[in-house]
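Multiple structures follow.
Shared chain: chain A. Partners: chain B in the first complex, chain C in the second.
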Partner chain A sequence: MNALFLIVIPFIASGLILLFRKSIIVKCISIAASLIQLLLTLYVLIQTNFSQGNILSFFIEWIPSLGINFSLNVDGISMFMLVLTNFLSLLILVSGINREPKRIGMFYSMIFFTQAAMNGVFLSSNAILFYIFWELSLIPVYFMVLFWGGERRQAITLKFFIYTLLGSLFMLFAFIFLYWQTSGIHSFEITDFYKIKISPAVQNRLFWCLFIAFAIKIPLFPFHSWQPDTYTTAPTQVTMILSGIMLKMGIYGIIRWLLPIVPQGVEHWSNTVIILSITGALYASVIALKQNNIKTLLAWSSMAHVGIIGAGIFARNLYSLQGVMLQMLFHGINIIGLFLVADTIENRTGTRKISELGGIRNISPFFSSTFLIIILGSIALPLTNGFIGEFLILTGLFKYYSWYSIFAGLIVITGAVYMLYIYQKVMLGQTNELSDSFIKVPWAENIVLIPVIILIFLFGIYPIPLLNLTEISVKGLLQMM
Partner chain B sequence: MNNTTIYIILILLFPLAGFLINAFLNKNLPGKISGIIGSIAVFVPLILSLIIFINLKKNIPAQTIYLSQWIITGQINIPFEFLIDPLSVLMMLVVTGVGTVIHIYSIGYMHSDNRIHTFFSWMNLFIFFMLILITGANYLIMFIGWEGVGLCSYLLIGFWFKNNEFNYAARKAFIMNRIGDLGFLIALFLMIINFETLSFNNIFTAHHILSQDTKTITIITLLLLVGAVGKSAQIPLYTWLPDAMAGPTPVSALIHAATMVAAGVYMIVRSNLLFRFAPLTMDLIIIIGITTALLSATIALYQEDIKKVLAYSTISQLGYMFLALGLGAYSSAMFHLTTHAFFKALLFLAAGSIIHALNGEQNLRMMGGLAGKLPVTFITFLIAALAISGIPPFSGFFSKDQILLNTFNCCPSLWIFAVLGSILTCIYIFRVFYLAFYGEYRGNSPDNHDDEDIIKPDKDISALHESPLIMTIPLIILAVLSLAGGFINLPQIFGGNNYLDNYLAIESAETGIDDTTEYFLISTTVIVVLIMIIIVWFRYTSKPAQGPKVITEMNFIEKMVYNKFYVDELYRFLFEKPYDFLSEKLLPTIEKGTIDKTVNSAGTLSLTLGSLARKIQNGNISFYILLMTLAAIAFLAINVFIL
Partner chain C sequence: MNSLIILSITGITLLFAGLGKSKWVLFTIGIAGLITAGILTLADWGKNEALFNKMIIIDDYSTAFNFSIIFTTLMIFLISSNYIRNANKYLAEIYALMIFALIGGCIMTSFGNMVTLFMGIETLSIPLYVLAGSRKTSIASNEASFKYFILGSFATAFFLLGVALIYGASGTFNTNEISSYILLHQTQIPKIFYTGIIILIIGLCFKIAAIPFHFWSPDVYEGAPTLVTTFMATVVKTAGFAAIFRLLQNAFSNLSVYWQTILWIITLLTLLISALAALNQTGMKRLMAYSGISNSGFILLAVLAMNSMSPGAILFYTFTYALGTIIVFGMIMLHQEYTGSDSILSFEGFGRANPVSGIIFTLALLSLTGIPVTGGFFAKYYIFLTAIHSNFIWIVVIGVITTVISIYYYFKIINALWKENRCQKKIPLIIPFRTAFLICSILIILTGIFPDYLIRLL
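What follows is the complex of A and B.
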């Protein structure tokens, strides 16, 4: 029952906020609602004993004749995703505390709508339900980018929408195909999908139907071309949702709906996908270096990181998958921090062009130090969160095939190249007219940056609770393959 | 929790606390207080290290201290654990000892900088990571320190961040180090896969793997060597170290001479039980070591910046340590590491004292005749110069002599190269010595001001004065250590008992050289070096007003050396330029030209198809009838002829 609340509360909040127009009230309500949501998530986390495997949380029949049910399920992996979603959502809401978008009620309402849908994605254990939540999460994001976005938003959102929608259609097709393969009374339940015996040849084709949907969402190379533009033009909070949480839907989709359902297809294609992912990671980090727009640079850096995550999934061993789980959260924390820094800089100086900035450290050493720490997390310095995730992923990749790990490991170098470059260009050197106008960052803005910093070190030094949370479910997943 | 556990926690906690205090209180503290806090944060660990050293009992040589869990999943179990053994205690003493002295010196050196708090916080952070590096009991803890010191090095090289050249140097150092770190990291993966642990205790006792799987051990050691080469600035990853001189001089002394750059040597000594099983790697280390030693000593001959000479000298001395490592003479390498920490830190601090007196001037062209003005600096620099040249009884003599003997023992032809290196060493260091302290002061001659960027007030020779006590006392302490440091490992032929070798108790290569040969070898080297010092003396004091050779007077080879064999330019051409090119071209060609174009044309295709279909729906009834008829005929035709 609790699981249902996790979906319902954000929906209610989404509707409730629409009733108000005053900025301060909207913000108070949203932060309160988000906090309640997070506490409830943590309550579910504490209540549930994950050592016993899957725990059926909620089930009602919906369209029984088609085998479509409203069934929600929580295990260690989905629990982890829920914590990620609801925690990062709160962080994203707080980060907007001194921004005033026009028609703020509508904007926040849509954020909650997205959050609800994303929670649904991570909870659903019925394919159609999963598909519905998956698409539902796209709609508010589309409108948010369209109404609150920056330059060329019409063209960019259209491409983004159609591209991801097209991917989902492949997934729907695969689900319907699987439906007809279920034994006995046909059903869309994931547990029934897991029981299907599919011939390897069919699995090989089915793999791509499912994979394309997830790969576009993440995005993995070469299905990424919607991403840099969308991340750049979207309002910062939406970029945070997209990069911090929503792309993890794709990763989660692969883990839950691809690996166990077409294991032989995965076996057959995993080398291809790993090579594509690593290529993409290196490709993105090389391109990132010459980007002049901070947000575009961060968009490419995000793609570099998820490329490594993508490769880690398909190495399919305990180390790499544990690394993937952790890195999903850590990437979310770090990328939100980075985009917040970018947003703060733009808000202060009126520009996000790297070439026009410089010397901010002269004016605000604290702000530039926080930026540096987030960068360190992002380039995986030991004792920061990024290190734990990347270390485990690369270890797993190495176990799978050593050369993959060596090539993937190159991002250790390329990441440092572009990140230190942007740090130098923006923060170091002499001030100029634009950066001179950078006034000291008020504490309100640091409210988000400080937790980000704390989390970077906390999880870098003490990752064990997270590792324990997912270990049993990941082991279970591996047994199914 | 026993005493040692508490000591080790405190040893790590003090520098960390110093970092946090200075970082957070920052400008709320007076500069001097901040320096004192910073120095205490290193001095207390020194005392504690001494206590541990005294308590270190012969019968329990190694003690692993487990603090808490860090990463556990599947077979991987990597705790926060620390190792107390003679090797780590020696390193702790060197790092905290030299560290304390340099911190105290910095109070004077940095007193006029308004970011002195930041300086001390980062210095303390460096000590913290360096201590983690040397006390870690598994490779991943070592790696924390390894990358952490790299970070501090980056921060401190770019300490004066308004200068973008310095920032570039900092970035270069970090990235070149990361290349090495990737090697280290891959070695870790290999060890996890093969040993299922990263703890030193478990790896070094896994005899069944060590002695049988030579291929794996060779690859692991080669990868570790990549890491060591990056950190210790050996060929081919050495070019970052000369640029790293952009940092304040105490930073160069502490990080880029005495401690961090020696981490690579320490790591190989620590892993000696692996390296023993990889003769191929050992040979490679010898080659890298001797080549680096000679090449960088040659480059040092023609540098004009006093700190650059010392930087190349550091690279060269590290090359000697690598040579010793390759020969299996681990404790000789550690011995040289220790004495080098003393005399090279002293050289840097003395150079810093000159630079301080000359208001930031680093060019030898602008020095000269400083002996009378800076007497303490003069004497201490001389002691350090004698030590590095290997003149008895200075510390460098004993440590370098051990390496030379080991070299001779292995292969006499290699010994000739090693001696050549020490001849080069004494030439470049006494060149600096004479150029700085002898002749006439050249700082106020107008034609020497080719440097337009930085306008420095002309210093009159009479206005120059010796540095304050807070800077000269550290010089004197280090001078005493440089003078007497060699006695910690006095060899038997001089009546000693090889204390350090016995203390470290690392099974090292034995030199089976009889006493007569040993006397002969030693005296040859010393005499040659002494002769060279005198020759250099005549060369640089015969024309007192003259500074270093000007580039226009140089011949081709000299120009090559002056330009550091164009290695920087070569690397820029081979790596930096192609990377930039790729970064610029990938977006328009592959991304926009191929991937995005495909996606967009898929979109355009559906639009085109749509508009074609729209043309059919033109509302003209006769056209519809025509289509209908055609379709009916087509169906009929298919039915009749095909089916």
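What follows is the complex of A and C.
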């Protein structure tokens, strides 16, 4: 058993699905493949003892003359990300069970392609390999939005693509620069990158080259302007991939490829980044308050939540980093739930305008209760998962500098305002004409919502296993800085 | 060397075969000649010999580039099968001239003496002046030919002046002797020598269409028949870069500090201006002309860096760029034949009507942009690696920014290809076309997955 399987299986699934045209077969195969992938990941998770170093590594020379190897490695952090990716992918696939996009085989094939590439991102321990997977995960997303997206998708995809590629090219530049700094035989291996000694002045510049790539992907203020449009126009499943998983690639990138490589640069800029993140998150919250389109509102809210995560990373202590790890998973779960609810509403009523909706609770109480629970998770009510993550991050920020945590706390409060505002406008009140068309929600949508709710409570009440999983690696990371 | 003989025989045979009626005979002769020449070139691998008093030097560098341009010409011959179908009257001449130009290209990669280089450039250019005007009745084609001829001769004159000045100072045409002259007279090199270098570089930059010597390129690309444009964008560019690098490395590498400043400015201008100019283009051929200039800028980065990695980077870049360009121009040719237009707008829905062609087209554009896992990614990557190795940091940053700009215009085409549009018709592909597209797209992916085999050659 080695880590390569986790990349190869989705690739095979991606190719296999292309052979079929019938919707039902495609869905069955994709869910089966996704389930196998998840089980395999969990098997790896159980089998591995992370305190004893890396067992699952895979190494084969690819372009030896340039130090590019196909080297994969699993530690606690990447294991956590793998579980997140493969679990959320399954959830995303199941959520599409009663959607019928055109050329469904192609669509699902691209989803698997993205999944494979994202697994590659979290596994690779060679900089160029990381970069290649990073880009590969972007290509199918581009085409999915282009083919299946909503209005104005041509312009929006282009903006999205240029934005993200701008970031990644600077990252490539930084990697090449680092390559020439490695001692002895030059190499792109991350272990060699960790050994480089770089002068503080250079680190300060290199920091931005790397940081821009990750900040655009997350997105952190002020690199966010692609995000609301893309989230709104993309097909819901793609939005879920983008917000649930792909965004975490950026956070993972900061943790793995930024903090340990340019520690002094991070030291120098961390206040700037925290202030930017918190300002951005506040700004996003204020804009979210004014939105009328549910999907756009959720996009801004996602940005606000991620802003807190961004600030948490740069507080760089055990609390905040543990919080960041947990919040990555929890944010993924919650945002997928929220987008699914938004999509269901749009599917039933034909609108996503908050002002045109109302009184859905009168028709479908179960659906509206699940929505409320996901909202509560998202606004970090105690006993829900969001609370654990955000509390840890706020504690970490408080330890770093107490004023930061006060402003970050404000974001949580505004979050509650706009989230409950949607609930009130959409679910409560008089049932109007549009909402009247909201017939009973079929089981398939509930079946996705139920695990989401279970997870929200489960992790909210008992987060210890997750904390244990990440603790060793986070401590290791802190030692490196 | 044998390959040059074979090519010359092929060219002359083609002219005579033009007397016959069947156009497919010409096609077959051309393909057979090119394949033989390609194989003979490969047989030269590992040889290191100087011929005709060191006028021509055959080494791995020249062999690799020769094979690359012969291969490219072969692909162009395959996509020329369109001309046969349309019963082009002057096909024999077009083929023969193309082969003669190719011979010029082969001489340009293997010169040991500046006079040989001059001969190579002229042998390459004169057939091209004619080829650009080969669509006799078209005004645009005539204009292209005329413009190319006037400006081309001007550049040649410049080049000759540079050679003369350098000869005046050093007393030799031989590149290695010039190099040792520089070493011997380090402090007392006369001013005319430096002037000569600048003028030489200008003359060569014209051929590769580097800014500010690029003004001919968009008009000529647009006016010339698409097949000729393809030839200019691939073979001429590859040969030009092979020559410019060989000259600078063999003769002037000891003065690199001096000419690197000039080349640095040219590279900067080429990268920036071409990217900005390409943004507003509406015609595909003009857009590809600017994209070609921008790619010249990237290759110039490797020339500028002038280290042990440069030859490999240049070879790899020119080769993968040629692969992508052949596909794009092949598609333009097909499309033009059916719709009569080459504007980007007219391509809307092309991919939906022809899914396979659309995918290949998209792949080629992704490669030109430099997205992994295509050859284009590693091409750009090697260029950046090479340039940073020689400490050219800031210009690489400019390169990165222009790459980002280039995404806009390449992806504009991709977006257009896949737009919904019911007016597009299905365009059938004949077998030679399919072969060329298939070979090129497989090579694009192969160079993207196993770049090592190509890059390690030089």
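Just so it is clear, the second predicted complex is superposed on the first by the 476 of 481 C-alpha atoms of A that agree within 3 Å, B and C clash if a C-alpha of one lies under 4 Å from a C-alpha of the other, contacts with A are read in each partner's own complex, and residues count from 1 in each chain.
Everything that follows uses one rule, which is that a residue touches a chain if its C-beta (ideal position, glycine included) is under 8 Å from a C-beta of that chain, and two chains touch if they have at least 3 such contacts.
Small disclaimer: the values here were computed from a predicted structure and weren't measured.
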{"item": "First, second, both or neither for A:I162, with chain B first and chain C second", "value": "both"}
{"item": "Partner chain in contact with A:E356 - chain B first, chain C second, else both or neither", "value": "neither"}
{"item": "Partner chain in contact with A:E267 - chain B first, chain C second, else both or neither", "value": "neither"}
{"item": "Comparing the two partners chain B and chain C, which touches a greater set of residues in chain A", "value": "B"}
{"item": "First (chain B), second (chain C), both or neither touched by A:E346", "value": "neither"}
{"item": "First, second, both or neither for A:P64, with chain B first and chain C second", "value": "second"}
{"item": "First, second, both or neither for A:L392, with chain B first and chain C second", "value": "first"}
{"item": "Shared contact residues on chain A - chain B and chain C", "value": "162"}
{"item": "Chain A residues touching chain C - in the complex, by the definition given at the top", "value": "62-66, 128, 131-132, 135-136, 139, 143, 146-147, 154, 157-158, 161-162, 165-166, 169-170, 172-173, 176-177, 179-180"}
{"item": "Chain A-facing residues of chain B, complex", "value": "69-74, 76, 118, 140, 143-144, 147-148, 151, 154, 158, 161-164, 167-168, 171, 174-175, 178-179, 181-182, 185-186, 188-190, 192-193, 579-580, 582-584, 586-587, 590-591, 595-596, 599-600, 603"}
{"item": "Residue ranges of chain A in contact with chain B within the complex", "value": "159, 162-163, 222, 224-226, 283, 286-290, 318-319, 322, 359, 361-362, 365, 376, 381-383, 388, 391-392, 394-395, 398-399, 402, 405-406, 409-410, 412-413, 416-417, 420-421, 424, 427-430, 461, 463-464, 467, 471"}
{"item": "Contact footprint of chain A on chain C as seen in their complex", "value": "366, 371-373, 377, 381, 384-385, 388-389, 393, 396-397, 400, 403-404, 407-408, 411-412, 415, 418-419, 451-452, 455-456"}
